[in-house]
Amino acid sequence: MSTPTGSPNAAALTRDASRHRARDDSPPGAPAAAKQDAAALISRFQAVRNTTTGLCRHLEAEDYVGQSMPDASPAKWHLAHTSWFFEEFILQRAIGGYRFYDERFRYLFNSYYNMVGPMHARPQRGLLTRPTVREVLNYRAHVDERMSRLLARADRHAHLAALALGLNHEQQHQELLLTDIKHLFSCNPLLPACMPDKARTRLGAPPLAYRALEGGLADIGHPDGGFCFDNELPRHRTWIEPFQLANRPVTNAEFAEFVRCDGYRKPALWLSDGWVAVQSGQWQRPLYWSESLDHEFTLAGLRDIDPEAPVCHVSYYEADAFARWAQARLPSEQEWECAAATLSPAGAAAGNFLEAGNLHPVPAGTQSVSGPASAVAGQDDSHPPTLVQMLGDVWEWTRSPYVPYPGFRPLEGALGEYNGKFMVNQLVLRGGSCATPASHIRTTYRNFFPPAARWQFSGLRLARDG
Amino acid sequence: MSTPTGSPNAAALTRDASRHRARDDSPPGAPAAAKQDAAALISRFQAVRNTTTGLCRHLEAEDYVGQSMPDASPAKWHLAHTSWFFEEFILQRAIGGYRFYDERFRYLFNSYYNMVGPMHARPQRGLLTRPTVREVLNYRAHVDERMSRLLARADRHAHLAALALGLNHEQQHQELLLTDIKHLFSCNPLLPACMPDKARTRLGAPPLAYRALEGGLADIGHPDGGFCFDNELPRHRTWIEPFQLANRPVTNAEFAEFVRCDGYRKPALWLSDGWVAVQSGQWQRPLYWSESLDHEFTLAGLRDIDPEAPVCHVSYYEADAFARWAQARLPSEQEWECAAATLSPAGAAAGNFLEAGNLHPVPAGTQSVSGPASAVAGQDDSHPPTLVQMLGDVWEWTRSPYVPYPGFRPLEGALGEYNGKFMVNQLVLRGGSCATPASHIRTTYRNFFPPAARWQFSGLRLARDG
Amino acid sequence: MSTPTGSPNAAALTRDASRHRARDDSPPGAPAAAKQDAAALISRFQAVRNTTTGLCRHLEAEDYVGQSMPDASPAKWHLAHTSWFFEEFILQRAIGGYRFYDERFRYLFNSYYNMVGPMHARPQRGLLTRPTVREVLNYRAHVDERMSRLLARADRHAHLAALALGLNHEQQHQELLLTDIKHLFSCNPLLPACMPDKARTRLGAPPLAYRALEGGLADIGHPDGGFCFDNELPRHRTWIEPFQLANRPVTNAEFAEFVRCDGYRKPALWLSDGWVAVQSGQWQRPLYWSESLDHEFTLAGLRDIDPEAPVCHVSYYEADAFARWAQARLPSEQEWECAAATLSPAGAAAGNFLEAGNLHPVPAGTQSVSGPASAVAGQDDSHPPTLVQMLGDVWEWTRSPYVPYPGFRPLEGALGEYNGKFMVNQLVLRGGSCATPASHIRTTYRNFFPPAARWQFSGLRLARDG
Amino acid sequence: MSTPTGSPNAAALTRDASRHRARDDSPPGAPAAAKQDAAALISRFQAVRNTTTGLCRHLEAEDYVGQSMPDASPAKWHLAHTSWFFEEFILQRAIGGYRFYDERFRYLFNSYYNMVGPMHARPQRGLLTRPTVREVLNYRAHVDERMSRLLARADRHAHLAALALGLNHEQQHQELLLTDIKHLFSCNPLLPACMPDKARTRLGAPPLAYRALEGGLADIGHPDGGFCFDNELPRHRTWIEPFQLANRPVTNAEFAEFVRCDGYRKPALWLSDGWVAVQSGQWQRPLYWSESLDHEFTLAGLRDIDPEAPVCHVSYYEADAFARWAQARLPSEQEWECAAATLSPAGAAAGNFLEAGNLHPVPAGTQSVSGPASAVAGQDDSHPPTLVQMLGDVWEWTRSPYVPYPGFRPLEGALGEYNGKFMVNQLVLRGGSCATPASHIRTTYRNFFPPAARWQFSGLRLARDG
């Protein structure tokens, strides 16, 4: 998502409303449980909303204003835009004669929905010193209050699909809020922290090993049941050649070796556009690394680089060049999803997510979740290597351009602008990161960014032909 | 090819040298025929080389100099660069102690081969008023003479793969030379022509119809035998869902309707990056069309737009927006190739190519090649519509990003920079155009350009889910 | 001052220290009065410092952060930089072993003094969300405290020249703070106000009339006595041809007529570079005017345009084009100063300055100060028209490029970077504005900005050859 | 002249036609001499026109096309534009029902006369490969023929002012043609020459010495008699303080010392805008100098730098920085003109001009023209140093912004766009260069360029306060 994105497959939701109920809603035929259910819904709504504001608890009023580049948005804007989303796509539709909190906010906090109307220019979001943080929080409170009243109503079921969308949308912005504030703070010579640093245990990454997978005809995309974005649909068949996937992401130590071997100075390692980016951006190492290669800027301020942790804040171009240097390649998104399907339920659920509070990748040892410890530390002939850190820690660049799945249909109306119109010039990332809420991610999730983007928690995992 | 590209799969050629002999070479075990064969080779070499200079026969010396944008090159540069290619990749390697015609030309006429050495900046090619056209033609003559001597030698077989590459490379530049001079001339208010206009017969396009194809597991990529570029390899399996493909490209009349329906003013029809291109480039119609939508600039000067001819000079963004407006989509390159595999041999060979001398798309009626005439004009229930103009006339944008085929291996050495390093941020086009030499194109051929490129002979053919 | 500028002629101050005592200091030979005198100095210091913070009293914390263009700075930066100035140029020099409040601030809040050291990039000042406003106010308090202690010391006399400089420097930033916040707020669709609007009396401007002046050999530049900037020195002789100067600045009504007469669409009225600015900036009226020409954005929010008030927020290019259209011209700075020398003391002292609290130009009638009322309203043959509004209301563009006076010497050391290095590509403005402190302006004062600058309170007064 | 400029004061010419006759015309009351006179006029016209084409005699057709930067124009464009000038401002006005050679040329070859009509975009002149050189030469021949017929007519007197203007205009373009082709060739790694190199005698520059001048009230501007441009008028009084002027321009040896002393790395030496230019343009030495400081690119190709010759191809910023480093300053244009008024007639007439064929500055020794040889080589107390090289060799940057003289009136009509509209953001240069025709220059001549321009033959002469 080069821009805050992600929309539920509303069309599909309409076609098959029941699938979302498992997670998001009470069965329509259960009026008796309605009161309890409403409380649960409201509770979930409030939990997501409070998480967003909670992420800001160490920010000063001034910090909410800054915009360090056109791709990033001020924290205040994230707080307001996520509220705008509920007003525009739920409250307005659900409540007859709904009066907007402030008509002008419809313009100010529209991100990119041309069908909703004109909008404030993205690169100028940092000039909006008003409304103030206090006023934006009032706006949020107002929306929360109206939403809570709506969710308590008997006819709320009509809006549950949009509600699920709105909450997932807000979760996406939780991550963006963090990556944007991190970038902003990195531009300040004072290098402020937006969270306290905490003690860390030094843990190790398992030795690099490849897991062989057979490929063949595979089903890709979100299966029936539970919420998903429209770009994960429809589930469809694809042919995959045999391949091998690394057991874990590339580590800082490995990437530092690439830097020391002049990886950033050898055009033969780079895609042509990547080499242009290296030169025009004067890239010499991952974003946020110190020149000495031993410190990095984090949300907790400047810290030692942990050599065993997954490398992050690399662009697709850097991930691709590293893989070429390592005589490997990046996996396709189909390969990645195919491999992820082999994870145990525990493996697919565990991970270093937002909730862990690290807000930074950690070595695999801290969160190994499946298989015996010996398999993590190494492997023998009889055990294929365990895939670790598939979810959480770092988004993993794939070699797959972000394109529609066969049979993809954009949503009706303005929400159709959500995912579909970005399906060019971007690459797919998989697996979520240390800044992704655990309840937001899944193995079919498709994130996407342009190949030069570096400010997300983006790393890589190697692959090879089988 | 955003830059003049295309390299033979030299690695594959080394692995299986025999496959190229069918077309390009005599069998190694036939010394008796060697003399004759050498003559044939030299003859083919000269034919391609002469075609290039022949394209310039209406140019004045001044015309060879201009460069109208960084993506385009002066005619003189094309003439020199294609000669540089033979010097650098054949003569130097084949002839011990080879002395370059002019050492400085290695720098001036290197396009993008970092491994060969540094090069003159691409956007500044238009400042090279020297060497003069005459000097460049002398350079060409020198290279031709050395190549002819080499081709007459007994050990020439070692260089045949590179020779095939060099000739195909030169054919690519024949097309680029034309598109670049067309763009240059279009910037001149005098609107010069680089060929005489000739009488045209008004012919019709068949009614739009869709051909249903079944999909399934299909083999994609170049089969064994004959020359191909490395990006067409390896031939591999892929899964294709049932789909429908239009019987012919979109016509000027159809595209004009899109323009009149405010297609260029409705953001909902466009990819997000496409809409940015529309606004920043102030696009309002295809490149080279007059504001009145009834004239267009061609290589023969300003002419009436033929409503029945395929539209061309549209970008991927425009092709994609048109398809959305028409409630269709672009085909994937796999779909396109799968459909092209159904063409009769005659259908795959015929077409409006460079040799026809039109240097502009013409309506299907002029070159219908397969099936009875009635099928071209329409269809009944018992006959699926005939696919026409799959080859020639206009390159057809596909929805497929230009990525490596599974198992793709770039060539060794500097030639490895040829295709592989451009596999990001570009889309695949298929089928060749009215400026493509007939002997250069085939149904597995993958051309590629960035989504905003408009100066090639690029059009589109619609597709739908099956 | 395209950048906050203005330095006292410190060299001159050293040469003739006594001249500044009249205004700024007690005579060195008067130890008895020292205590009282110190109190007065401290009091003046505090008054200026408090004025600065007082200007911010309606700002929210968020408002201090925004930077709407590279030429402007955030309010917070102004508050900190003016304190940095006292630390760098007084405290550090006066106090042995002085420890800076925060060493990092030396980098963050250095504006353009290369000799002091490297500095934070100007266009990135808006990214400094830290230090917070509170921290900057603490910094100010610390500097105020250290300065007060210094000023109470017996040996303070050595630093009085720098003190006068620092206070005048701070006054310049008072005006810049206002123009910068005005520009920032104008970029916000909410159009916030940074002061309450107040009732206005509609007053009239006198009819346009020209005052004839004889010219001849004139002395230009600051005379002995009192503080001045180095660019006002040395006082020197110049030859002035007879000329005529308008009795008052051009009004909004007059400028609106120029707009309605297509003044912005006739290249013949514009300097060549001005016409480029009109087209690239899409200028169609003064900055801050509504398209309807009847509203303008002010520090008190959107208001009706007062037709009788002086036009402001026009660039030099617009002032020059208006004058050409009006068959007049702009005065030279020598002509302006020569005319200003004829003002009565009362006329030179009165005016619509910062202290009046309007922070916007007002019609002449509100502040006419010299001559009988009849002379303001019109004139007969026997009375030359009275010059009004020479000081205050709007800075008046002159036709004079900002160049050194003959014999000009830049200050020694880093302060030499203050004025001298800007003496190219800028034009001189005279007279101060409604945002200039009254005690800061004088008739020899030379302000300067590039010809395309519009965000200052800049207007014009017409002149003609005599 | 940032753009090819310079117009005779046509208004003045109309007011006082006789003044031009001395040089340009026969006395109106001399019908007997008319035939002879017409022949002389035609002869002068042809001489100037032939000089222009003669400058191109070593150019290839391709060389006429290139445009290396927006400020420069192709040689072909210069040839056509100077002809356009005669068509537009003389033939069209003199000949009833005049039919233009090609109506489209009015658009293509209009430089910047908005009142004449729209024009081809300046930065795109290099794309005009047509009309060809041959066609442009035909155009020139046509204009020459029509002009010759006009000049033979009895009523030609009405057009003599415009004729003088057209010829001076063409002479300006002779110099621009050379500086533009030099810049173009310097961008070509082959470093072509546009003239043969010739043997040079090593001669010396006199030791640097300052000539004291008294200043006072001086008359500046063109006196009555002979042709001049409008920007040299009216002659007017000005006050000049006593000053000193260097006897000769700064030499290459002196400037090399500045480079070696890190002059390009010390911001304290530079104007603020100059320092920005140094950094953004990565300036490290004069344009065309080799990194080793011992070679320079010239119109005769790469040559050794002559240490005794005047430095050239420096911008105003570099001239200003050098002067500051040398503890001197640049003269004002008034000072320069005042000093030039002391030259002997021989001194004012001699110099290294276009006609000498050097097309490069030479040391003073080669052309010392006034005073005994001993005065050139040195001086004793009794002889003030002789001013040499005031005219020719290099244009000398003055510290004077290009502004109108008091009482300046632009010409009526389109010719009024000639000089007046450039009177901002440029600095005056004086004295002519090695590429200026001798008959074109005079001591009151005001050339002008923006402060960053380097591609003219621009050097400097130091001055000091008296």
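A, B, C and D label the chains in the order they appear, each numbered from 1.
Keep in mind that, in the parts below, a contact is a pair of C-beta atoms (placed from the backbone, for glycine too) under 8 Å apart; a residue touches a chain by one contact, two chains touch by 3 or more.
Here the structure is a predicted model, which is why all the values come from computation and not from measurement.
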Neighbouring chains shared between chain A and chain C, ordered by label: none
Touching chain B and also chain C, the following chains: A, D
Centre-of-Cα separation between chain B and chain A, whole angstrom: 39
Length of the line joining the C-alpha centres of chain A and chain D, rounded to whole Å: 63
Centre-of-Cα separation between chain D and chain B, whole angstrom: 50
Residues of chain C touching at least two other chains: none
Pairs of chains satisfying the touch condition: A-B, A-C, B-D, C-D
Residues on chain C engaged by chain A in the complex (per definition of touch): 60-66, 68, 76, 104, 107-108, 120, 124, 126-133, 184-185, 187-190, 192
For the chain B and chain A complex, residues of the former touching the latter: 3, 112, 114-115, 217, 236-239, 241, 267-268, 270-275, 316, 320, 399-401, 403-404, 406-407, 416-417, 421-425, 427, 451, 465
